[in-house]
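Structures are listed in the sections that come next.
There are two complexes below, and they share subunit A, which is joined by subunit B in the first and by subunit C in the second.
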Partner chain A sequence: MSENINPNPSILPSPSATPASRPLTGPLAPPPPLEGWRIDLLKTFPWLKWLVKRRWFQFAVVLPNLFLFLVFLAAGVWGTPVGNRNILIVFVWIFWWFLLISAMVPFLSRAWCTMCPFPFFGEWIQRGSLTTPKMAAPGAKGAKVGINRYFGWNLRWPKALSNIWMQNIGFLGLCTFSAFYLTRPIVTVWVLGSLIIIATVLHVVFRQRAFCNYVCPVSGFLSLYSMSSMAEVRSRDAEVCLKCHDKSCLVGSERGWGCPWFNFPSKMERNNYCGMCMECIKSCPHDNMTVRLRPFATDTKLKGYDEAWKAFIMLSLALAYSVIYLGPWGFFKDLANFTESGRGLSAFLGYALCLWALPMVVIPTVFSAFHWVARRLAGAEPKPWKESFLLMAYQLVPLGLLAWIAFSLPLIFINGSYILVTMSDPFGWGWDLFHTAHTAWSPILPQWMPAIQVGILAIGLILTLKSVFKQAGKIYTDNRARLRFALPMALLMTLIVSLFIRLYVS
Partner chain B sequence: MASKTFRKFAAVLVVAAGFILPALATPAGPKPQRRDFNIVAHRYAYDPAEIRVNQGDDVHIRFSSKDVMHGFYLEGYDLDAMASPGKSGILLRHPSQGAEFQPAEEITFTAGQRGKFRYRCSMTCGYMHPFMMGVLIVEPNTLYAQGLGLMGGLFLAALILAWPSKTVPLPAAEGAKA
Partner chain C sequence: MTRRIEELEPKEILALAISIEQANQKALRNFSEMFDGYNQEVSRNFGEMAEEEGRHEELLQQMYKKKYKGPAPNIDSFDIEGVVEAVDLDDSEFLIFDSFKAQQVYQASWEAERRAREFYLKAVKNVKDAEMANLFNTLADMEGDHADWLEKKLGHKGKKP
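And now, the complex of A and B:
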């Protein structure tokens, strides 16, 4: 998992023990120089700075979201069981999903985590406060983490689980039953309700955002794809951070909580584990933390096999879902929907086995084979296998994100009219709140979908190919070796995109 | 060695050729003819799931349902039909002309546009209804060829741009080691 993450913030060396005059190494070392342009959004838009610095900012964005979420859950329990007439299914799996994958992640990084209602209750219990940070004081109740005070057990998350494997397995497990929760409101209630309960329990037992960092299945793919995002929370000037003795972004202050995501914000160099809660922006005494705009796909380094497998899982699921949900083959729909189709449990288990084997074994094996050929072709071996494997596995991040956008686009364009219907009649009880309940199902530009999908996939391939050759240069300094190494990997990426094209256009 | 500008020009040319040539190179299809299909809908698929015709063909589809009421919304052709189980006739409408369905015996249209078009169920028929669809391919499906050509072109363009201008020969020992 990320080197940014410090699972035990309270055991970091005391900032005051590190003289600013001495060059820092290890976790306190400054981040590497920036690549590409940056726009400091908090400087450009002072109102935004004012907004994110308010203590109530996160509460204000979570609250309406939580309210809607509870209404949706109520619709799932008491509303119509017909999925496309129930606001829970339509808003969560069509509207929210599309917004998340096509707009929020590419442009706003993990802004969803800022407003996510899952950890709301747990964090409230853990902090004993909705907005104001609590300071640790002698004799005060609660546990001291950094210089803030927390309630609950505040256990440290087990080191062996300090990676995203649990998220990988959890996400794949959830996706195995996708045909149920995508179509049946009550199953979605069970899934989302369970996530809230698990989040609350884990917040009480473990420190800070352990649930979000290590367990939440949504967080797993957000962490991966936020690498491609055009937004980032970073320090403005590394020198200021080096000279800072407070390290409030890490340990907290009276202005803000210490980073709940176990990051050391001042040296953060990737988006992966930043939940954009803006606490570091509030707590920094030097006004040195900010939100910046940057080029697409700027973070380019995966730091472990857990992250690489997340990339395999996401790509595989985009492929599998394109077959199951966008394909004409009733056979696959019957397998996924086995309770209704009468295919039987054994058929479903076979389906589940294939769904798991694809990302866990098949795609990684094919990828490894191409990677092996690439290294053989390149000749020299200046970097260990793992390093070049991870550098190349990163290529699946922008490609996977664009593939998911290509997959998700028809969902909203074809079924978008259900949004109008369920807005007016969220429970399917015959209401007509906004006079749109009787909107006829009317797909938008359905005949253009294949062409648009080709365009999106082409953008994905351009980004990926550009990155393949660039990253290959980090492995091989010799130009010819770099080219030989990049060739099979670029070919693999082209073949993957061609497979999507076959599914969408042929 | 080629200049940077020349490389960029060549790369753009290769991508453009990859996208355009498949469309230009498509041979003329056979003479248009009448094509008859019998499509049966059932939860959550159509049988056949895919039909192929040539551009200009006069397509006649007899549409029926095996279990519950199903729809047949054909993308790009302004057609929406409805079939009930046990009934031979259908109800048909042109969505752009209004919501009213009219009785009909079959769905007929001329396959004027080429490419891939999905026919989707337009009557809520059960849990997996939003994903119930079939595919009409009107040949020649040039977009498919163009899509593949475009991706191939991008691959070649990337190679052109990344091709080393000054190669440094690898030591033989390093090559042998791998």
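And now, the complex of A and C:
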């Protein structure tokens, strides 16, 4: 049942009411019309509303996850060092990754962040409470953020770092050493353990979820690809928000903490920085925040070069990993895993240099060249370079997500049997808890895999081409110019997809 | 059940105007709290605007006391159609990118005052009762004065809305 939402409630009298009036452009201007259908999930499923409004909701989803996470870390320390026999490697890098990229992000946005255990300890210290929000009061201990009270230093995050460049670099850095932690449980323990420690320290030092917004290496791609997700947290009625003087979604209340992710939820127009913690749904006194279902790839606005580069990085890594881990060229895998393969450090450094140059220089340069040609071809007075660059870089978001899904499918279809094995014998100690420890390696549909991957990429290409032409209309109003601008960009997207197809089919 | 502003009694209109000023004060104070310890200049400006709304409220309270006896009827902006005056911010990610400028506080208040003026002027056209029309005109003038004051403030800082 889809609900028609009026995107432009008659909030305000027409600005033309007086001759002196000029159209409003600021906060009181009506919100832009919503694109596509929406289903208000909290109206459609009252039990879901009941659930997410419980104060214990997030705690209840994090706790089992934290428990599993600690068990996995223990397996990494005390279990077998053989990667595909250790639950840590199999569940984190195969099962979790597949679920995250192929199901959670496309359908549930950043729902992973709702249950993520990394910030658990830090947020607990910061809030001094597991579930109940605390209010600031004169003379009370702790620091005030909005009207809630927090512990810790509550420092402001440095302005120069208020972007996702750190996440870009961090993610690329982690990916450079992927062959080490994908095969060695103890290295994965070091990586995940360090993340939890860094998250805890940063929660103590800085305000709210600074770690999640600016540091967490997982956050960068969750943020980017959640734009394409079919779920969103949004306010229902702009008029109610305008009239609301509590602004509890921002500043907090006794019902819920102010948005821990620094959003002003009432005005949220894209998913990027919404960690789906559901605090705004609890704190809003007018029941005006909800979770909605929407068409795929609805958020289309990248706001800065940091976000555009994230799109380049993710696309490049999907390409590079397809070569290293799925391709028939063992040479590349040997370079990435130089300590085991016996190739020297200099070979690894060469590999690392290529891995960094691809997303940081090569792909952006090729992209910029196509973009430059497109602007020249269009001829008409264009929008500023940055604006059209970001509009076109956005095209790599749904395309990149589908490329990652195509890359991740074989992980689960080919290696899925390891999940059954390690479930029964998580530490590789010879247990057989669920009588699946001796499941033979049996890839599922290996002969169909390239066809499925090509199908996914084809869907990505169709969506992207449609979007390229549509977004070009935001740059050029003249149809001829719009077409001439869109063609080179469409060609680039087609070339990218062809490259992936060639890799998977070969 | 919401009503149109033209359907209210003059007494209720004044009460509504008072409650709107109170609501805006609260919204501005909340914004000020949010920026406290984060950007002191922005926080101060929001605080200043909240005080300004407090002065507007006082003027309206005096006007009410002069005209009517007893406490003002219980009415607020949720009881009427449309938005008269509301201070709000137009971006959801200003804290994430640390992009909010102190000047934007005045801009937001200016937009609210200007909108309120337009709202009252439109209401004047829809009422037949002279007393009501007078009241709306007075409120529109007051909002106009506030908007002018803010426009000067914005102008002084080198940025006209």
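By definition in this document, the second predicted complex is superposed on the first by the 475 of 506 C-alpha atoms of A that agree within 3 Å, B and C clash if a C-alpha of one lies under 4 Å from a C-alpha of the other, contacts with A are read in each partner's own complex, and residues count from 1 in each chain.
Everything that follows uses one rule, which is that a contact is a pair of C-beta atoms (placed from the backbone, for glycine too) under 8 Å apart; a residue touches a chain by one contact, two chains touch by 3 or more.
The model shown is predicted, which means the values in this text are computed figures rather than measured ones.
Of the two partner chains placed by the overlay, only subunit C lies in contact with A:273; subunit B stays clear of it. With both structures placed on the common chain, the touch criterion links A:440 to subunit B but leaves subunit C unconnected.
In the overlay built on the shared chain, the residue A:245 is in contact with subunit C alone; subunit B does not reach it. In the overlay built on the shared chain, the residue A:317 is in contact with neither subunit B nor subunit C. Of the two partner chains placed around the shared chain by superposition, neither subunit B nor subunit C is touched by A:335.
Touch criterion met: A:466 reaches subunit B, while subunit C stays clear of it.
Of the two partner chains, subunit B is the only one touched by A:378; subunit C is not.
On subunit A, the patch touched by subunit B and the patch touched by subunit C do not overlap at any residue.
For subunit A in complex with subunit C, the residues that touch the partner chain are 10-15, 17-18, 21, 24, 26-29, 143-147, 154, 156-157, 159, 162-163, 207, 213, 239-247, 250-251, 258, 261-269, 272-273, 303-304. Looking at the complex, you find that subunit A touches subunit B at residues 82-85, 179, 183-184, 324-326, 328-331, 333-334, 337, 340-341, 375-376, 378-381, 414-415, 440-443, 446-447, 449-451, 454, 457-458, 461-462, 465-466, 468-469, 478-483, 486-487, 490-491, 494, 497-498, 501-502, 504-506. Residues 42-47, 49-50, 73, 75-76, 95, 99, 113, 115-118, 120, 122, 124, 126-135, 137, 141, 143-144, 146-148, 150-152, 154-155, 158-159, 161-171, 174-175, 177-178 of subunit B are the ones that touch subunit A when the two sit in their complex.
On the side of subunit C, the complex with subunit A involves touching residues 22-27, 30-31, 33-34, 36-39, 77-78, 81-83, 86-98, 107-108, 111-112, 114-115, 117-119, 121-122.
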